[in-house]
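For clarity, chains are labelled A, B and C in written order, and residue numbers in each chain start from 1.
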Amino acid sequence: MPRLNQIILPLVSITVLILTTSTSVAAVDSETNFIFNTVLFYLGGILVMWMAAGFTMLETGLVRAKNSSMMCLTNVGLFSITGLMFWVLGYDMIYGIEKGGYIHVPNFLWSASDPEVFIGNGQYAAASDWFFQMAFVAATASIVSGTVAERIKFWGFMIFVVFLVGIIYPILASWVWGGGWLRELGFSDFAGSSLVHSVGGWAALTGAIILGARKGKYGKQGQVNPMPGSNLPLATLGTFILWMGWFGFNGASQLSLGTGSDAIALATIVINSNMAAVAGALTSMLVMQAVYKKIDLTMVLNGALAGLVAITAEPLRATVHEAMAIGAIGALIVIYLVPLLDRFKIDDVVGAIPVHLGAGLWGTLCVAWTNESATLVGQLIGMFAIATFVLIASTMVWLGIKYTFGLRVTEEEEYLGLDRSYLGVESYPEFGQGTQRLK
Amino acid sequence: MPRLNQIILPLVSITVLILTTSTSVAAVDSETNFIFNTVLFYLGGILVMWMAAGFTMLETGLVRAKNSSMMCLTNVGLFSITGLMFWVLGYDMIYGIEKGGYIHVPNFLWSASDPEVFIGNGQYAAASDWFFQMAFVAATASIVSGTVAERIKFWGFMIFVVFLVGIIYPILASWVWGGGWLRELGFSDFAGSSLVHSVGGWAALTGAIILGARKGKYGKQGQVNPMPGSNLPLATLGTFILWMGWFGFNGASQLSLGTGSDAIALATIVINSNMAAVAGALTSMLVMQAVYKKIDLTMVLNGALAGLVAITAEPLRATVHEAMAIGAIGALIVIYLVPLLDRFKIDDVVGAIPVHLGAGLWGTLCVAWTNESATLVGQLIGMFAIATFVLIASTMVWLGIKYTFGLRVTEEEEYLGLDRSYLGVESYPEFGQGTQRLK
Amino acid sequence: MPRLNQIILPLVSITVLILTTSTSVAAVDSETNFIFNTVLFYLGGILVMWMAAGFTMLETGLVRAKNSSMMCLTNVGLFSITGLMFWVLGYDMIYGIEKGGYIHVPNFLWSASDPEVFIGNGQYAAASDWFFQMAFVAATASIVSGTVAERIKFWGFMIFVVFLVGIIYPILASWVWGGGWLRELGFSDFAGSSLVHSVGGWAALTGAIILGARKGKYGKQGQVNPMPGSNLPLATLGTFILWMGWFGFNGASQLSLGTGSDAIALATIVINSNMAAVAGALTSMLVMQAVYKKIDLTMVLNGALAGLVAITAEPLRATVHEAMAIGAIGALIVIYLVPLLDRFKIDDVVGAIPVHLGAGLWGTLCVAWTNESATLVGQLIGMFAIATFVLIASTMVWLGIKYTFGLRVTEEEEYLGLDRSYLGVESYPEFGQGTQRLK
């Protein structure tokens, strides 16, 4: 079967050519182009910012009631710190890098000294791009927050976020999206299966190992004690928010909307993203039914998300059938990885590592299959380079915090719950003592 | 009073004419037109997809806690199956039909064999239209899920969804929106009061009858035992999401945004939709207060939704005052139908039949009043044809499932709740034993 | 440091000039301009309408469970009444005023008699502007609803809303946005720190004083008894919704999107709004930690909102650093005002007065700093005039309702909760008797 896009792209070119020549005003003028591109970033930025709410609801629904407000505060905090750090350092570190470069020492306080950058290159308002990219970074931090929940110190985690969003992520993003050495080498990651999701996943993995598991999660005889989420409808809402937001996350990563080809690309990305999620959710449902006879809702939600994570590396050039295959296998990886992490006593509260690291790496690999300009070797080098950098850098930061400020709450605080210990509130003060309360 | 739009439309034409002639570049060029249309579908698709979350929250808030996760899973499942089936069959069945035709045998796997269809007809990216229309279909299935909740087998319902979204809906939609025989006959349904809402409502009605009521809902002495929803704020959130999503549902049903007239139409649709919801909500509030002295929140939420459902058949050509009258009467119909269903022991868990079938039929009728090109006879024929087809087809499917796979859970499973029986989880494991728990 | 925009605006002009002259079709044509402007209002209207859901979730999360459904109903009701009254009176009162005027007697039922107004002035579809402005008014009423919650009669409050959104707000908005005397005098309020937020805040303040505090809130020995919110994750969701919606609230207040300069303005507004919220949230977190050793989640949410409220008066011309300073100080004002209100036994259930009045006044003042065409005297006169008018008018309306229909529920109704007393429902009937239930 010929690749769909091998046929589409030439056809589009021809169409556009016909449109252009058939009348003297058939094509988009440069100012209209500027507006369309800016609107795309505006919409994309809002949708990706909304994903912060999605992560918050998903994670809050999956932790126990006694830590729910802390989960909320953590997400508000990380989104705020991301805004600050991306302003102070991040954006210029990513986009100021030299072609093929390794690191760019930023001008602090983006744009304050260089207003032209604020206007952009004449293709879009740079401020709209800033907003969109900033919301992206926040997603990376949100991934980590779910894994290390219920036992990490609030300020310890906030310090980690400062380094993750202010330094680690910008350096890595500059290597690819900024035009650095990995881009030169041919590594391709359209909207961040690696740069956003695997980076968050690697950082979460190191954090979970260094922090250790929640008290009581793993018994002495090796049994795994389930600590069920306190509000599954909230977790479902969070998943829908994320699913919705992904249409901006992947869609606006097209980075332009000023031509008919861009519009077709946007629509293609949306279909592929949706169908990868669909395949992920359905795969989870069927496999859970077949293997376990019960369909764990959380696993289905994570299956849909795994599909979305996996397609993120190349949502444009994949055919719909490829997108569905990629999403389905992403979900299978999650089903396989969740118990595997438990076997190693790595306590990932919300399943973020399987979803964002497992499916993220899988999706990055698949680019070699769906995008002809990518190679398996190029993808592997990129994945390896990113993994190495994040593993080393985040381990250093986690350990640095651990041996100075401290990373883990006391046993008593953990038992009481972080809401009472740190915030002085109860999340649901009137909702009684259920069967699982204070477990 | 002259109809508003009788004045507006000529005025718009004149305005556009003036704009066009006053300068040589006053009109939208064809590529810009293409982008605007695609953006409309992109926005509309996202908003209607978001309605899937709205239905989920509404329904989850209105079922009991012990079935809440199942309600969430059901909605994730039906949205996923819709995506799959609309890809495999649905879209091509609707839009591939011959003018005036009755049924179109589709090319399986839309667009895989015909990439031009993916680009569209030069007016918009077909993939964006696909996405928008797909989300529409999911709404139809969501309507059914609320009515049959709390006692239907998960996989039994999923099988029903396969037929509903893969065959029943596409055939009906092809009759009108695809240009089939009902369109030729003059039947008009702008955004689906009949095609989406009454179809969902009829399917829900047959399902509720064939399934039977929840155990204990109707006592032996004929009394109706209330089974109150477990989370009314969540139901309210769901209603707001649906209200919001309707601006895309009705708005993007204009199907184009490439001219000034389209933009005026979009804005008119938004106002009319909002004011119909406003009238529905206010009518519910006032009538509940006057008649019952208590304002049941659920009834007000359903009143707003009934207004939205009713205006959906013609949100463009109605004046605002007509829209408000249509919405208000839609809400009255709901208030009247809810106890009527109980009298017949038809157990509609969330009130979807009154809202989507009752107000949907009412709205479809009103088109004869608000749209001069529609006739009462034409509307009635369409309503009758659609009802007949859905009633027969969905009854066959429901019965087919019932006598093969099975449709209803066991009494014990129903008592324990579907969350524990089928998913192995509790939705709110820590929230204690309230006054209504395990009733 | 030169003001950023002093540099940007000329640069933009030059850029646009170059674009325009470099090719004969470089600029946006008039019909495309019309569509872009209408799309901006469409998007902005949807986002601000969505803020109604945000207020609902925030307020519902912050009241006790026994009043949660009433909180939901109140917000659905006020949004509906706003739609109705803005149609009957409001819009024409605002925009029909004479230049420099004080009041405009409206044509009842906007546009019914004047369809040209429906099309607009050739710059955008007036119906889209109507929708956007209507949603704005609803925010004003939502602010009040949170303060007076848990003890006000439903219909008493609805009557107040009729006057607030139908008369008080439109007169004030006509003074500034309609081109009335305050605009002539130089008072500047870009998106409503004063007109929306302080107006809501003043009305809430008079309401709280006239209603009195909830029973048991203030003890006889002067102690303040905390009445914690019943669902903090819901309140967090509401805050995220508001934060998201603000990108439409402030963004679409640019009122046009048909030029490159508009697009740059939109993006600038988005950045400034976000960074003000970021600064507000971070300031709250740090100050709460430093002063109280516990980080009250509610205070952080209100801190973010205070930042947003404060920047709303001038989100365009402020530099990012100014926006952050304005947001941070807005949050400090909230931290200071919350206990101050308690000292005066003014019972503001959700903290709306500190956030919307305190930060709103602060933001209005700051315009004199960030917008060169505004003066401190002009801002003070505007603030004083608005305060005087709202204080007198809302006091009259509150007292009028109090001495006729009645404003406050009975002690028994308050004890039982408004859900049971007025709606005949429980919000969460299954969630047990928690530590705080029926307190």
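Simple rule for what comes next: a residue touches a chain if its C-beta (ideal position, glycine included) is under 8 Å from a C-beta of that chain, and two chains touch if they have at least 3 such contacts.
Predicted, not measured: the structure shown is a model, and the values here were computed from it.
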{"item": "Arrangement of touching chains [line / ring / star / complete / other]", "value": "complete"}
{"item": "Rotation angle (°) superposing Cα atoms of subunit A on subunit C, nearest 5", "value": "120"}
{"item": "Homomeric contact subunit B-subunit C: same or different residue positions, threshold half", "value": "different"}
{"item": "Between subunit C and subunit B, distance of the C-alpha-averaged centres to the nearest whole Å", "value": "32"}
{"item": "Per-residue overlap in subunit A, given as positions that touch at least 2 other chains", "value": "25, 27, 29, 32, 39, 43, 231, 237, 428, 431-434"}
{"item": "Residue ranges of subunit B touching subunit A (in the complex, touch as defined)", "value": "24-25, 27, 29-32, 34-35, 38-39, 41-43, 45-46, 49-50, 52-53, 56-57, 60-61, 68-69, 71-73, 75-77, 79-81, 83-84, 87, 109, 111-112, 115-116, 118-119, 122, 124-128, 130-131, 134, 154-155, 231, 234, 237, 422-434"}
{"item": "Residues of subunit A touching subunit B in the complex", "value": "1, 4, 7-8, 11-12, 15-16, 19-20, 22-23, 25-29, 32, 36, 39, 43, 47, 64-65, 228-233, 236-237, 239-241, 243-244, 247-248, 251, 257-260, 262-264, 266-268, 270-271, 274-275, 277-279, 281-282, 285, 289, 292, 294-298, 300-301, 304, 319-321, 428, 431-437"}
